[in-house]
Amino acid sequence: MLAQQLVNGIISGATYALFALGFTLMFGVLNVVNLTYGVYFSTGALIALYATRHFVAPILIALPLAAIATGLIAVVIDGLLLTPLRRKKAPELASLMVTLGATLLLYSLMTAFIGTDIQRFPPAAIDPSAIEIGTVRVSRSQMLIVGTAFVMVVLLLALMRGTRLGLAIRALAENPDVARLMGVDVTLVTFFVSFVSGTLGAAAGILIGLNYNAIQPYMGEAMMLKGFAVIIIGGLGDIRGALIAGLILGLLEGLTAGYVTSTLKDAVGFLLLVLTLWFRPVGLFGRAAIKRA
Amino acid sequence: MYEFLDDFLFSYQSLIYALGINGLLALSMYVVLAIGQLSLGQAAFMGLGAYTSALLTLKLGAPFPLVLLASMAVPAVAALIIGAPTLRLSGVYLALATIGLGEVLRIAFVNSELTGGALGLSGIPEKAGYTLIFSCLALALIAFVLVSRSRIGRAMEAMREDEIAAGMLGVHLPRYRLSALVVSAMLAGLAGALNAHVSSFISPNDYGFDAAVTILSYALLGGIGSPFGPVVGAIILTLLPEVLRPLHDFRLVFNGLIIVIAVLFMPHGLAPWRIRRTGARA
Amino acid sequence: MNGAILALENLTVRFGGLAAVDGVSFHVEPQTVHGLIGPNGAGKTTAFNLISGLGHQNDGHILFNGETIDDWPSWERAQRGLARTFQNIRTFGEMTVMENVLAGMHAHVGGGLGATLLRLPSFRAAESAAIGKARDILGFVGLADASARRAGNLPYGDQRRLEIARALASDPKLMLVDEPAAGMNPSETASLIDLLLRLKARGVTLLLVEHDMHFIMNLCDHITVLNFGRKIAEGTPVEVRSDPSVIEAYLGTKVAERLEAGARVR
């Protein structure tokens, strides 16, 4: 029993990490808390759903398709909402507010056209096979989640540390003006980062949608709280932090559900968030986000 | 003549109540925006106030004045708990923490038997009315005007303009931040209690993300140059869906759009007016 | 050393591997104008930030009127008499000129929440007194006619005056003035020098960062020179201008050598 709970915990933890990666990337590099991120989560799942349902696309094609489509949507949103603010050098809270408004707008639109009913992937899309090790059962889709999370983290770290593009991204994160002077095409890199964030959020949405097979427009919003918890605990902008904090959260939730009560499971994240704020605001790996106010 | 007025008031009763309640909520958003911070906890604080008051009335039959006080005290405590650690951090942390609070409370309300779960609480006796709601709103407005035209109001605007420069003039930044958050919580809690006691029925859905962002739209539409701005914004956004039927179904879409447009194109909101900050003839 | 209004002891702050301020020590005597100069990047504004409470040093101490203020937040330093203007002018643009100056008096105007809400006589008296004092200060800096104007609409030179007026309103014992002459033409600079001298006559000690050498040499009683975060020279204007290490820092080694070899310093 415990072993299964732990494994489930790792799996949900990997999900949170995957979700938080894109979010923390946007904050760390573009210095913006993009609250439409939850929308990408929902959008990815919904696009994948419609792809499998109406175009009978196999999941292996629907997944990357939906991720890329969402990435493009993310770029458009960034261009429409965030770039003007960046140009005006608006305060951080402005980007928070505008993405908040956009989130409400987009969720309401989605709900208006799709409805709030929970929808499911067509049975053909889901691979029910699972492997069993002792008393622990892990399904194929669950393994896909964990695998994807780790692969994405490794790829991202490799990108950031090992490529010229990664260098450009890090330069942009440090100081956009200087980066521009050094020849970095800030607009292109910004859009690339938005694109990657969108695809990461969508990927998380699709994988979780597959795993729980319950898709509705507001699913992204419920994830956002976990996302906040993970990025604050892990440290705003830190990739390793997102992974480790995600796993910790998943494990703690699993243990809470197993040993305390499952209704409190969702409160664990918030509790950890408040504790982090009280005792170690920068998070596990955060750079000094504290300002001496 | 009086019959007509009576009929009119009866049919539009909940709308008129909403004007007052939303006005109070808009003010609760205003006080935080006025110092340059962003808190999205108003809906959560409102929910805390609503449930606290409803439970005290339904389960304990507590006297109404006490109920109102409690409905302000409980959110104030919540504000202290999540606000205090963020005082020396960048404003982003407060924003995220308050969004998180809303979500967590929603989960708590839905999952708790005490609060009636997903169905909420019903049968709340009608203990508030026009007089009470609009007196509270009027008092709050007056208080804000009096405070705006004083040293405190100047410090608040200074913080909003340039926090570092304000600190350099002796403004105790953490204290102002915490006070604004607590006042915001108390106002929202009061609004929640009043609303509960005119609507007879409350449910967790009323206090979620949609509500929080809607409250923000009131303040951004009206402008935060003066306490009247957000109240005007609340009035407009409460009346508009009633007057324009198509808007009614897309109310939330509209509110979200308002925020986007306000931030991108109208940072001062609809109203260019700005309250003066001197308490005597200058 | 005793009686110094401000003393830096071995102040050091590092960003990453670089020491922006490296073991700097100097002190400022009361009622003087003390200059802090050095080439760009020498650490002057960083030092200012540390003194005014923005940022945290890695090593060393800051003493204000004999008290160690290392852990004091900026508002506490302001309340005790330390004021500061900023390199890029930071007036409160939306507020009027009068309100800006009144905001400067925040630490000294009476009126708690109760008195404010009830509009007690004590509140009204405090506000009127503050407004009167603000008028005096505006007159002192030459902005009396502009008191009702929106601060953001003032011309650049007047905004600088307003910032100084606002800092003066906080009744400081020490004022840190960061590149006040930046972006000013000669006549504006001249009237600024006049204003700062009048400030000094009023009893305010000034610690001044400036690049305009004419400004510095005319105003300062004493100068500290920084380069690469370290103090390289100190003394009266006459002493400093002919100090070889200062010349080298500003003009480079070649010029310094040529000058030593006999060319004149103008």
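Order of writing sets the chain letters: A, B and C. Residues in each chain are counted from 1.
The criterion applied here is as follows: a residue touches a chain if its C-beta (ideal position, glycine included) is under 8 Å from a C-beta of that chain, and two chains touch if they have at least 3 such contacts.
Computed from a predicted structure; not experimentally measured.
Chain-level centrality, scored on Cα centres against the all-protein Cα centre, points to B. Top contact pair of chains, counted by C-beta pairs, is A-B. The greatest centre-to-centre distance from chain A, using averaged C-alpha positions, is reached by C.
With each centre defined as the average position of its C-alpha atoms, the distance from chain B to chain C rounds to 41 Å. One finds 46 Å separating the Cα centroids of chain A and chain C.
As a whole-number value, the distance joining the C-alpha centres of chain A and chain B reads 30 Å. Chain contacts: chain A has residues 292 touching two or more partner chains.
Chain contacts: chain C has residues 53-54, 73-74 touching two or more partner chains. In chain B, the positions touching at least two other chains are 167, 173. Within the complex formed with chain C, the residues of chain B that make contact are 143, 146-147, 150-152, 154-155, 157-158, 161-162, 164-173, 225, 274, 276-282.
Of all residues in chain B, those touching chain A in their complex are 36-38, 40, 81-82, 84-93, 95-97, 99-101, 103-104, 107-108, 111, 163, 167, 173-174, 177, 209-210, 213-214, 216-217, 220, 249-250, 252-253, 255-260, 262-264, 267. Listed in rising order, the residues of chain C touching chain B in the complex are 52-54, 73-75, 78-79, 83-84, 86, 90-96, 98-99, 102-107, 109, 111, 113, 116-117, 119, 123-124, 126-128, 130-131, 134, 147-148, 166, 170.
Residues 33, 35, 81, 84-85, 90-94, 96-98, 100-109, 112, 221-222, 224-225, 228-229, 232, 236, 263, 266-267, 269-270, 273-274, 277-278, 281, 289-293 of chain A are the ones touching chain B in the complex.
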